[in-house]
Amino acid sequence: MLILMKSEATKEDILRVCQKIETMGFRAHEIPGAQRTAIGITGNQGKIDPETFATMSGVEQAIPVTKPYKLAGRDARKENSEVSVGGEIIGGRELAIIAGPCSVESWDQLITTARAVKDAGAKFLRGGAFKPRTSPYTFQGMKEEGLVLLREARAETGLKIVTEVKDVLTLSAVSQVADVIQVGARNMSNFSLLEAVGELRTPVLLKRGISATIEELLMAAEYILAKGNLSVILCERGIRTFEPATRNTLDLSAIPVVKKLSHLPIMVDPSHGVGMWEGVTAMSLAAVAAGADGIMVEVHPNPSEALSDGYQSLKPERFKDLLEKVRRVAEVVDRSVGAEVA
Amino acid sequence: MLILMKSEATKEDILRVCQKIETMGFRAHEIPGAQRTAIGITGNQGKIDPETFATMSGVEQAIPVTKPYKLAGRDARKENSEVSVGGEIIGGRELAIIAGPCSVESWDQLITTARAVKDAGAKFLRGGAFKPRTSPYTFQGMKEEGLVLLREARAETGLKIVTEVKDVLTLSAVSQVADVIQVGARNMSNFSLLEAVGELRTPVLLKRGISATIEELLMAAEYILAKGNLSVILCERGIRTFEPATRNTLDLSAIPVVKKLSHLPIMVDPSHGVGMWEGVTAMSLAAVAAGADGIMVEVHPNPSEALSDGYQSLKPERFKDLLEKVRRVAEVVDRSVGAEVA
Amino acid sequence: MLILMKSEATKEDILRVCQKIETMGFRAHEIPGAQRTAIGITGNQGKIDPETFATMSGVEQAIPVTKPYKLAGRDARKENSEVSVGGEIIGGRELAIIAGPCSVESWDQLITTARAVKDAGAKFLRGGAFKPRTSPYTFQGMKEEGLVLLREARAETGLKIVTEVKDVLTLSAVSQVADVIQVGARNMSNFSLLEAVGELRTPVLLKRGISATIEELLMAAEYILAKGNLSVILCERGIRTFEPATRNTLDLSAIPVVKKLSHLPIMVDPSHGVGMWEGVTAMSLAAVAAGADGIMVEVHPNPSEALSDGYQSLKPERFKDLLEKVRRVAEVVDRSVGAEVA
Amino acid sequence: MLILMKSEATKEDILRVCQKIETMGFRAHEIPGAQRTAIGITGNQGKIDPETFATMSGVEQAIPVTKPYKLAGRDARKENSEVSVGGEIIGGRELAIIAGPCSVESWDQLITTARAVKDAGAKFLRGGAFKPRTSPYTFQGMKEEGLVLLREARAETGLKIVTEVKDVLTLSAVSQVADVIQVGARNMSNFSLLEAVGELRTPVLLKRGISATIEELLMAAEYILAKGNLSVILCERGIRTFEPATRNTLDLSAIPVVKKLSHLPIMVDPSHGVGMWEGVTAMSLAAVAAGADGIMVEVHPNPSEALSDGYQSLKPERFKDLLEKVRRVAEVVDRSVGAEVA
C-alpha cells in the first residue's frame, strides 16, 4: 500500500498516518517529494483496505500494490494447474473440448448430439438441466428429469458431463450427476454458492460474470479455492459493452492476462460470447490460437427447433469441421486435440 | 414481432415463415417492400422468442416489438404503485429516506447512527448483517448477531429496518427482522432468490445489477411480482462503465425511464453509486430533483473507523444538512420529506 | 511515480531502476517490503511516462501518482474560474442558461426560438450551423448561411451566440460570429482543433467525448489552456454505456468530481445525454441540484418538424416551465437564474 | 421503417401517421394487432430518420429496418474488396503484415526496424511522424522530418509506408509519402478529415474509434467511399470497456461481423488493443485465426528506450517468431503470408 498525501498536508497529518500504520503492526516509510509526500507500508502479509486511510486528514489517495487474491495467483504456484476430471486432464497439453446443447430437451435430442460430438472428438458433453433465464415466462429447463437424461447419456457414450448449478438448493442433485459443475456468469458473484461448491471436490467451471473484471473472476475462484476445492477452471464467455452487433464482446485478451496472473486453466465459450453461429467457428479458432485451454461450444441437431439459444448453436457437421481446424491451430501453439473416433 | 427478410429471400422462404406463424396460432401480415419483404405477427398475447425465426432460411432479423415484462409495466397499471411498509408509504408524495451504516458493527455504532438519522428525519434504518464481499478474506458482517441488534434498534427508535438478504439459506432469518428486504446488486439475477422473496409478502428493495439494463431490472422485478409479492421497490445504485474516477456511474436518467415504463417506485443509492462522500450530497439532491421516490444514504458516526465503505459514508451532521436541502428540492418537484423530529 | 518490483526481482534489477531514476535527474527511494520492493521517485516536476520503467527487468508495474494536467487542475488555482462572455459570467453564482435549436434551419425557426428562450430567461442562444453527422447522407447544417442568421438573431435579441466548430478550416468563419465556440464530443480528442481554438481568446465550450474519462476531458482542456486561451467551460453530455434505453448515460457525478479536481466551470447538456424530451426536464433539474454551472437545452418551436434531434427538443412553453423549476432548485444550492423578462 | 403505435393510440393518430408517410411519397401498411397497431413503410430508397415519427401523437417507437450505409455494405458488393497498394494486395488470400515502431524516432531506429521486419516477412512499414497524444506535454512526433526518414526507408527497403494523418492541414505532406494513409481511432469521427482523404486515391487504413460501434465504423468508411476513394481498409484496435487489465478490449468478434455486413478488408492492431507485449503474440495469432486480412504490429529494436508505446512493442526476434506461427495459422484458414526473405 502506498499512501499519497495532499500537497497541503501538514506534518501532523503525515505523522498521524505513520502512527496509524505502526499501530496496525506494519512499518511506515516516508518518501518526501517536491510537491507532496508519499508513505509506503511494508510488513503486511495480505491486503490492507484502502478505505482505512482514505478518510484521514491530508490523505489524497491510498493505492494498493498487492494483489487481493492469494491461492489463485501465480505467486502461490508458478506452474500451471491441471484439473483431472475422472482421468481427463483440463489445463494440460491436450485441449478440453466441451460440446452439446444449451438445454437438455429430450432423450433423442441429447443422445443424438452426444454421439455426434463424441464422433467429432469431444470428450465432454454439456447440457443444461436447470436454466437461469432472464424471463420467468420462458423455458427453465427439464430440471431433475434433465439430470437423469445426462446420466444416461454418460452411461451410453462415456462422455464426461458438464452441467450448470443454478442455486444452493439444487446443488446436491446436480453434483450427483455432474463430472464438472458449471457456475454460470450470473452466479459468479453468488458467494454463498461459491462457498458451497468449494466444500465439494467436484471440478468447477467458473464463468466470468457479464461485467466482471479479470481480478473479480480470480477473486470468485479464490472463494472456491479457500474452501479447499482446488479444481477450478475459469471460463471467458463475453463481457457487456456498448457494441450491439454481438450478444457480448468476447474478451480473448483475458487469456494471456489470466495466464500471466494465475495458474488456473482458462477455457472459452464462443457461443455465448458471440451469440450467432457464423461467428462461433471464427472465435473458437481464435480462442485456441490465443492460448485457451479448451473451448465449450453449443451444438444442436436442429438449431431452429431449439428451446433456447438456437441461433448460436452449430449443427453437428459444422462442429466436426470446426474441430478439424481446431486440431491444426492447436499444433501451432503446441497443443493437441484427442484423436477423432473412427 | 416483425420478421425482416433478406433482399435475396425467395417466395418459398416467405411462405415458410408465414406458415410457421400460422402454425403457432398467430396471424402473419406480409409487407412487400422495394428492397425486401417484412412480415408482421399479430394475435400473440406475450413475447415470442426471436430465435424461433432467426435461423430460418431467408430471414435477416426478427425484431421484438412487445415488452417482455407484464406485471411490472405501465400497461399493467397506469397509476404509480405505492408500497406500504408498516404504514410508511414508499412511492407516494412523501420521499422515503433510508439511512444508516453499511454494516452493523456494534450496538453503540448502530444505535448512535439510528438516533442521529431519526433526528435528521429518516424513517428507515439501513444496516447490513450479512454482507456479500468480493474477497473471502474481508469482514462478512455480524450475521445473526447483527439481526438481533437491528431488531433492538427498531424497538428503541421505531425506525423501519432495511437489511440485505445474501442467500436463500438465510432468508428466513432476515425476513423475521426486516421491514424491507434488500436484494443487492450482485443478486439481481439470482432468480432462485427472487422467487423465494416473491413467495413472501415483505416489501423488497431490488437493486439494479452492476451491468443490468433497465429492462433486465424490470424483468427481475417481474420474477418477484409473478410469485405474488407486489411490494417491489426498485433502486438505482450505479452501473459499471469505463470511468475510473467514481466507483460506479450513477445512472439518474434511469429514473425518468423507469417512470415511463413502469408503475413501481424507484429509489437511488448515491453512496454506492459515487463511492466518495463528497459526491453523496450532490447526487442525493440530483436524485430527488430527477424524480426519485427516495434516497438511501450511508451514514456512520466515525467513517474512518468503519469496517466497510467508510469512504463513502456521511457523518451524522452532514446527513442532517443534506436532508434540509433535500426537503427544499423536494418541494420544487411536488414531493415532501417527513417532519424533522424536534 | 512508484515503481513496484516483482517478488522475484534481483538486487541488480533494483539497482538498475534506481540508477535510471538518478540518470533522469530525480531521486530514488527504495522501500523494501516483506514480499517485494517498491521504489519511490521524487524530484520530478511533471509526469514521468510509466512506460519508461515498465519494460525493465524485474519491474511489475509503474504507478503514476501525479495528475497529468497542470493548468486545468486545482493545484494550479484553488478558487473557481469564471469565464466572461461579453459581460455574462459563466462559473459564477448565476447559472448559465443556453437554449435553442439543435440546428439553425431558417430565420423563422431561429428567431421564434430565440425570442422564446429569451423570454423564459436564457441569456445564450445555441444553434448549429456546421453539423458533424454520423451519416454523409443526412443534413449537414446551413453552414455559412446559418452563421449569418445567428449573427442577426444576436443583433435582434442581444442573446450571446453558442455555436459549434466542426473543423480547423471553418474555425475562422465560426469565430467571427460565436461568442462561445463549442467543441463537440466527437472533436474532444481532435488535438489540432484544440490547439487552434487555444490560439484564440474566444471562450470555448468543450464537450466531453462519448467515451472520454474525466481525466481525458481535463487533458483536452489542458491543450486549450496551454496555448493561452484560459476561457474554457467543460460540458458533460452523456457517455456511452451498455444501456440502450437512453441515447447516452448522463454522468452527473462528473460534476462533483470535476469540482474537486479542477477550477474550470462545468455545464450539462441533458438533451444529448438523455435523447428523449421526457427526460430532459428531470435531468436539467438534477444537473443544477448536483452543482452544475449551467445547462444547455435544445428547444424547438415544432419538434416533430426539426431536421435533427427533434425527439429530444423541448417546446418553448415546456422550456419556460423548466426554467421556473430550475430557478427554485438553484436557490437550494446557493445559485440563481437571471430575472425572467417580463 | 416500422412505426409501432401505443396501445392507447386513436384511429386519428394512426391515420395521421399514414398520411405523413404518403406525403413523403412512400406507402403505409397498417398491421392491426391484438394490443396495438404497427405501420410498415415501403417505397423508400434510403434511410428515413426515426425522429420524423417519434414525436407524433400515439407513436410508441419508430424502428429502422434498413442499414444506414450503402457503399460499404454487402448489398452493394457481394464479393470481398481487394485494395491494391502499389501492387501489394490487402484483402486477398495473402495476409497483409504491417510492422514497425509506434513513432519514427531517428534514422537508426527506423532503418534497423525496417530491415528486421522485412527480413521476418513484413511488406509494410508503419511509423508515426505526426502523433496525436493525450497530453500536450509529451512527444508529438518528428513531423516533417519523420516523413523524410520514412521516404528514405522505403527507398532502401522497398517496404510500403503506412503512416498516420493527424489533421487536414498536414494531409498533403503525409499523402506525398504514405502508400497507405492511416486515420487513427481518435479521428474516426472527424468527418472533415474523412472527406479530405476521400478526395484522394491513396489507400486509407481506417481505425475503429475507441467507443465506436461496428455500424459507426462502416459509416465512417462510407464518408470516404462516398467521395470516390474506394480503397478503404478497416482496422480493429480495441474498444473501451470497464476492464482495467488491458489498455483496451480487442474485439475480435468484429471480424466475423464485418465480414458478414461489409465487403471491405479488415485488419487488426493487437499492440494498441492489448497494450502489453506479452499479449501481442497471442492476439496476433487469434486475429488471423478469426479471419482478419492482416495484422499491424509495433516492433522496436529497444522497447525500453522507445519514446512512445514501448511497453507494447515486440523486439525484432520475437516478431520473427510470431510471423512463423502466423504463417501456420494462416494455412488453417486458407490464407498465406508472403515468403520470408532468406
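Letters are used for the chains, namely A, B, C and D, taken in the order the chains are written, and counting of residues starts over at 1 for each.
Throughout what follows, a residue touches a chain if its C-beta (ideal position, glycine included) is under 8 Å from a C-beta of that chain, and two chains touch if they have at least 3 such contacts.
Please read all numbers here as calculations on a predicted model, not as lab measurements.
Looking at subunit C and subunit D, the chains that touch each of them are A, B. For subunit C, the chain whose average C-alpha position is most distant is A. If you average the CA atoms of subunit A and of subunit C, the two centres end up 39 Å from each other. In this assembly, the C-alpha centroid of subunit B lies 30 Å from the C-alpha centroid of subunit C.
Measuring from the averaged C-alpha position of subunit A to that of subunit B gives a distance of 27 Å.
Among all residues of subunit B, those that touch two or more other chains are 211, 240-242, 244. Those residues of subunit B whose C-beta lies close enough to touch subunit D in the complex are 2, 4, 7, 29, 31-35, 38, 40, 42-45, 61, 63, 65-66, 75, 211, 240-242, 244. Considering their complex, residues 211, 213-215, 239, 241-246, 249-257, 260-261, 273-274, 276, 278-279, 282-283, 285-291, 325, 328-329, 331-333 of subunit B touch subunit C. Of all residues in subunit C, only 46-47, 49-52, 54-56, 68-70, 132-138, 166-169, 186-187, 189-193, 195, 210-211, 216, 219, 222-223, 226, 240, 277, 303-304, 306, 308-311 touch subunit D in the complex they form.
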